[in-house]
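Chain nomenclature is as follows: A, B and C, assigned in order of appearance, with residue numbering initiated at 1 for each chain independently.
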Amino acid sequence: MSVTVVPAAGASATVRRNFWRGVWRVMRRKPSRMVGAAIVAGFALMGIFGPLLYPDPLPRDTQALYAPPSWRHPFGTDFEGTDVLALVVTGARYVLLTAAVTAVITVVLGTAIGLFSGFKRGRWDSVLMRLTDMKLTIPGLPLLLVLSTIWKFTGAIEMGLVLGLLGWGGVARAVRSQTLSLRERGFIEAARGLGLSTGHIVGRELLPSMAPYIAMNTLIAVTGAVYAQVGLFFLGVLPFEANNWGVMLNLAVFGGGALTTTAALPYLLAPLLAILLLTLGIVLVVDAMDEIFNPRLREE
Amino acid sequence: MAAEQSSEQSSDRSSAPGVRIRGLSVVYRTGAGELPAVSGIDLDLPPGTITGVVGESGSGKSTLALSLLNAVQPPGRIAAGSVEIDGLGDVAALHGDGLRRARGRHIGYVFQAAQNSLNPLKTVGGQLLDLGRSHGMGRSHGPDDLRGLVREARGLLDRMGLDGARVLDSYQHELSGGMRQRVGIMLALVLNARVVVLDEPTTALDMITQATILRIIREVHEERGLTTLVITHDLGVVAEVADNLAVMYGGRLVEQGPTGEVLGDPRHPYTRGLLAAIPRLAGDIGEARALPGRPPTLDSVPADGCVFRERCALRMEVCETGRVPVVSWGSRTAVCHAVQGAREDVKQTVTAGTVTAGTAIADMGEEQA
Amino acid sequence: MITGTGITKTFSRRGGVLGGREVPALRGVDFAIEKGGAASFIGESGCGKTTLGRILAGLESHDSGEITIDGVPMSSLTPRRRQPYFRRVQLVHQDPYSALNPTRTIHQTLSAPLSLRARQMERAGTGRPRSWIGERAEELLSLVGLDPGYVLPRYPHQLSGGMRQRVVIARALTVDPEVLVADEAVSMIDVSLRLGILALLKDLRDRLGVSVLFITHDVATARYIGTDGELYVIYRGQVVERGPVETVISAPVHPYTQALLSAIPVLHGLETPGEQRVVPTEALDASRHDRGCLFAPRCPFRTARCESERPVLGHDGGTPQEHACFHPEARTVVAVPVSHS
C-alpha cells in the first residue's frame, strides 16, 4: 500500500506547481498580456528602486529652465531646471505606494464585508448593506476636500488609508452578490452538509471561486487610486511636500501655463503619459485574470 | 402501437413533404483541427411520418437537428452532404433571406428547453406578432395577415387543450412548463411549416405532463399532415411517439428501422446495450445490465473503424480499421460487422432451405445476448 | 435508523399587491428508514420530495413534526449538537456539475472532510496516522469504481458527468454516513451510464450497510435500487401511497399513483401497455385547490366526498399497502414485457 499511496503533501505541491505553469501559459496566449505584465512590473520596479537612481535632492540646472526635450533631458526640465524624467521616476514611489495601500484596503475590507454579509445573511447582512449604501451615497471628492482642510496627508500610506476607507463600498456590494449566488451552489451545500467549518467554506471554497473577480477589482482599484490622488494634488488642495505626478501636473498647468504656451508642454505630458501607460498595463493584465483563476480555462 | 396508429390516418398526409439527408457531415473547428460531430449521415424522413433520433451526449443528434435548418453555428459548419426537402430543395445550399424564410414557413423548430426560450418581458401574443412581422406580415399583405396569424395561433393552442386567448395574453412566468412547451410547438407550426423538428421536447417535464405532450405531438402531427423529427436521449419518448427510429452514436447512425421492430429486435450491439441498461417496471430487474465504458466526446471519437468498438462486447479485429458495412434488410439498417456476419450465415441457411430468415436472425440474436 | 413523524414545511412566497402566498411543501409526512434499507420518494417536481431530502440532510429546517436519528429526537437537542446527527445523512446532488468546486482538485475536495474525520477520530481516541487521509481517499475512489491515480490530481472539468457523480458519492462517504439521500442522482447522467451509478448505490447498501433514500420521478430506477425497499408516492406534500416497491408498482390503489405509472412511456415492441391505464383530467390551477382530497380536481374517479373531506394514510379496504384514498381499487397500469415464446 505504501508504494501506491500518493502522499498528501506531494499532491498539493504538484497542484501548486501546475498553477504557476498555468499562469505562464495563460500569459503567453496573447502578446498583449505579456506587454501589460512588463509595464506593470516596470512601474513596480520604478516605485521601489526609482528614487535610489537619483541624488536627493535632485540636481537643478538653473541655466535651463523649461528646457525643451533633448538627449540630456528627454522630457525637458521644469521651472527650476530639474530633469522631468527624474521627477517622474522619483515621483512614482509616492503614487504607487498610495495606490497599493488603497487597493489592499479596498479589496480586503470590501471582500471581507461582502463575504460576511452574503454568507451570514439575515440581520448582519441588512446592517452591513445599509452601511455600504450610506458610504456609496457620500460623494468622495468633496469629502476628501473637506478632510484635507483638517488633515495634512503627509505620507503616502496615510493617503492610501483614507482613499481605501472611502472606496470599499462597490467591491463589498459586488462580492456580496457573488457570494449570494455561490452559496446556493451544490458544492457549498455539500461542504455545509459534511460539517466543514465556516472558515474552510469561506476561505477554501468561496474565495477561490471569486478570485478572478477580486483580482480584477484590485487592479481596477489601483488605477482608481492613482486618478484620485493625482487629481487631489492637481487641484492643489494638498500641500506638496513630496515629489508627485499630481504636483507636476499642477505646477505645469498653473505655474508653467502649459495650456497656453508650449514651453511647459513636455512637463505636463510626462506625468500624463506615465498614468496612461500604467492604466494600459493594468487593463492588459486584467484581461488574463479570468483564465488564470479558472482551472478549466487555465489548463486548456 | 405507434406503427399501428400511423396506418390509420388522414388523407392530408399525402401532401406532407419528404426529407432526404444524404452524406451529411458537420465539423467543428477546435484547437486540434476540424473534428466531425456528425459524419456521413444518410437518413430519410418519409412524408407524413414521425422519426425519432436517439443518442447520448456527444452522439451528434442535436447537430443533426440543427443541420435540418442549416443553423449550425460557428465554429461548426456543414462540411459535406445535402438535406433535400420536397418543395424547398437543398437546405444546406440555402443562405441569407431564402434560408430565413424557409425557417418557420417550411421548417418549424421547437428548441431544446423550449420552456425557457420565451422572452420573459413580452406576452406570448407579442412574440407571435414579432414572428409574423419578421416574416413580412402586416407590411405588404395588410393587417388581415396578422389577424389571421393570431386566429391560427389561438386555434392551435385551443387544439392542444389550452385557453388560447388567455395564453396569448400571458407572460412566460404565468405559464407552467407543459404550457410553455405547447406554446413552443404552436410557434413552430403557426406559419404552416410542414416539416417540424422537436429537440428534446419533454426534458425537464413531469411524467404526466410528458405523456400529455407526447399525445399532443402525435395528434397534431396526424391532423396537420406533418413530417416530424424528434430528437431525444430517451428511448421511451421515441417508443411512444415515433414511427421510425434512428440510433446515433459518436456522430454516426448505427441502426434504423420501424420503431417497434428495432425495439423488439435490436441488432446493433449499442442499441442492445442501451435497451438492456434501462431499468423497467415489470419483469426481472436483475436483468438490467450497465453498458461498460462511456460515450465518446468530440475529440475522443475514433477517426477510423467502428465508433462503438471501445464498449462493444462483440469487438472483432475488422472493427479496428476501415469502413463499417451498412447492412440493410427489409426496412431496416444496421452499421456493424457482427450484424453483417450474422446476415451471411442467414443467407446460407436460407439456401439450405431449413429455416426462414426471420427466425434465423432471432436465433442469432439470442446467441449474441 | 431514521424516522420522521408529521413533518411539515411551508414556504411563503412573495407575491403581488395582495401580499405573500403560503405554499405548503410538506403536509405531515411520516417515514422510517431502516439501517441498510432503501426508501424511495416519487412524485412530480414541486411535490416536496426534494425539500424532505434537504431537511433530512440538515440543509433546511422544518416547521413542525419530529425527526429521530438513532432514537434521539432532534427537537431535544440544540442546533449545534444536532449537527453531528445530520452529518450521518449525506446528500448526493442531482447536478454533478455544480456539486464539485471547479477550483479544487478531487484530492483537495476529498481531503477536507477526511481531515475533519481524522480529527474527530483522534478526539475519540482512535487516532490515525498522517498517511490515513491519502489512503482513505484512494480507498473511497476505488470503492466507487474510479482509478484514484487518474482522478485524484484532476479538476472536476476534466472528468465526465458519470465520473463526477461517483466522486460526489465518494465525498459523501468520507464522513461514514448512515444514509445517502440521492436526489435525482442520475437524471443528468447519460442513459448508458445511469445503471452503473444505480448499481453503485445498490452495492453500497450491501457492502457498507448504508441506507439509501432515493428521490426520483423515475419509478423504474427506484425499483432497481432495491426491490425490497419501501416506496412513498408524494402528491403536493402529502404521502398518498406507501408500501413495498413491487406491490405499489404492480397493484397501485391510489389514482395518482396509477396516473403517474400510466404516464411512463411504453417500449412498444418490447412491452405491452398496462390494461387499465389511468389518464388524469387536466385541471387549470389545481394547485390552488386546498379542500378535500388534494388530487380530486384531476382525479377521474372523484366523488362528492372527495371534494369535501381529506383522506388520510391507512389500510382502508384491506390493501397490503397504505394509501390516502376513499375509493381504493388496485389497477394494472404498468407495461409488461412481451413474452418471447
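By our rule, a residue touches a chain if its C-beta (ideal position, glycine included) is under 8 Å from a C-beta of that chain, and two chains touch if they have at least 3 such contacts.
Just so it is clear, the structure is predicted and the values come from calculations on it, not from any experiment.
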Labels of chains that are neighbours to subunit A and to subunit C: none
Greatest separation from subunit B - chain, by CA centre: A
Chain centre separation in whole Å, for subunit C relative to subunit A (CA means): 50
Interchain centroid distance [CA atoms averaged], subunit A/subunit B, Å: 55
Inter-chain centre distance, subunit B versus subunit C - centres from mean C-alpha coordinates, in Å: 32
Residues of subunit B engaged with two or more neighbouring chains: none
Touch list for subunit C against partner subunit A, complex: 57-59, 83-84, 86-87, 90-91, 93, 95, 98-105, 107-108, 111-113, 116, 130-131, 133-135, 138, 148-149, 152-153, 155, 157-158, 168, 171-172, 174-175
Residues on subunit A engaged by subunit C in the complex (per definition of touch): 1-2, 4-8, 11-12, 14-15, 185-187, 189-197, 200, 204-205, 208-209, 211, 293-296, 299
Sites on subunit B touched by subunit C in the complex: 1-3, 56-57, 161, 163, 206-212, 214, 233-237, 239-240, 259-265, 273-275, 277-283, 285, 288-291, 294-295
Subunit C residues within the subunit B interface of the complex: 44-45, 160-162, 190-196, 198-199, 217, 219-221, 223-224, 227, 249-250, 259-271, 273, 279-280, 282, 284, 334-338
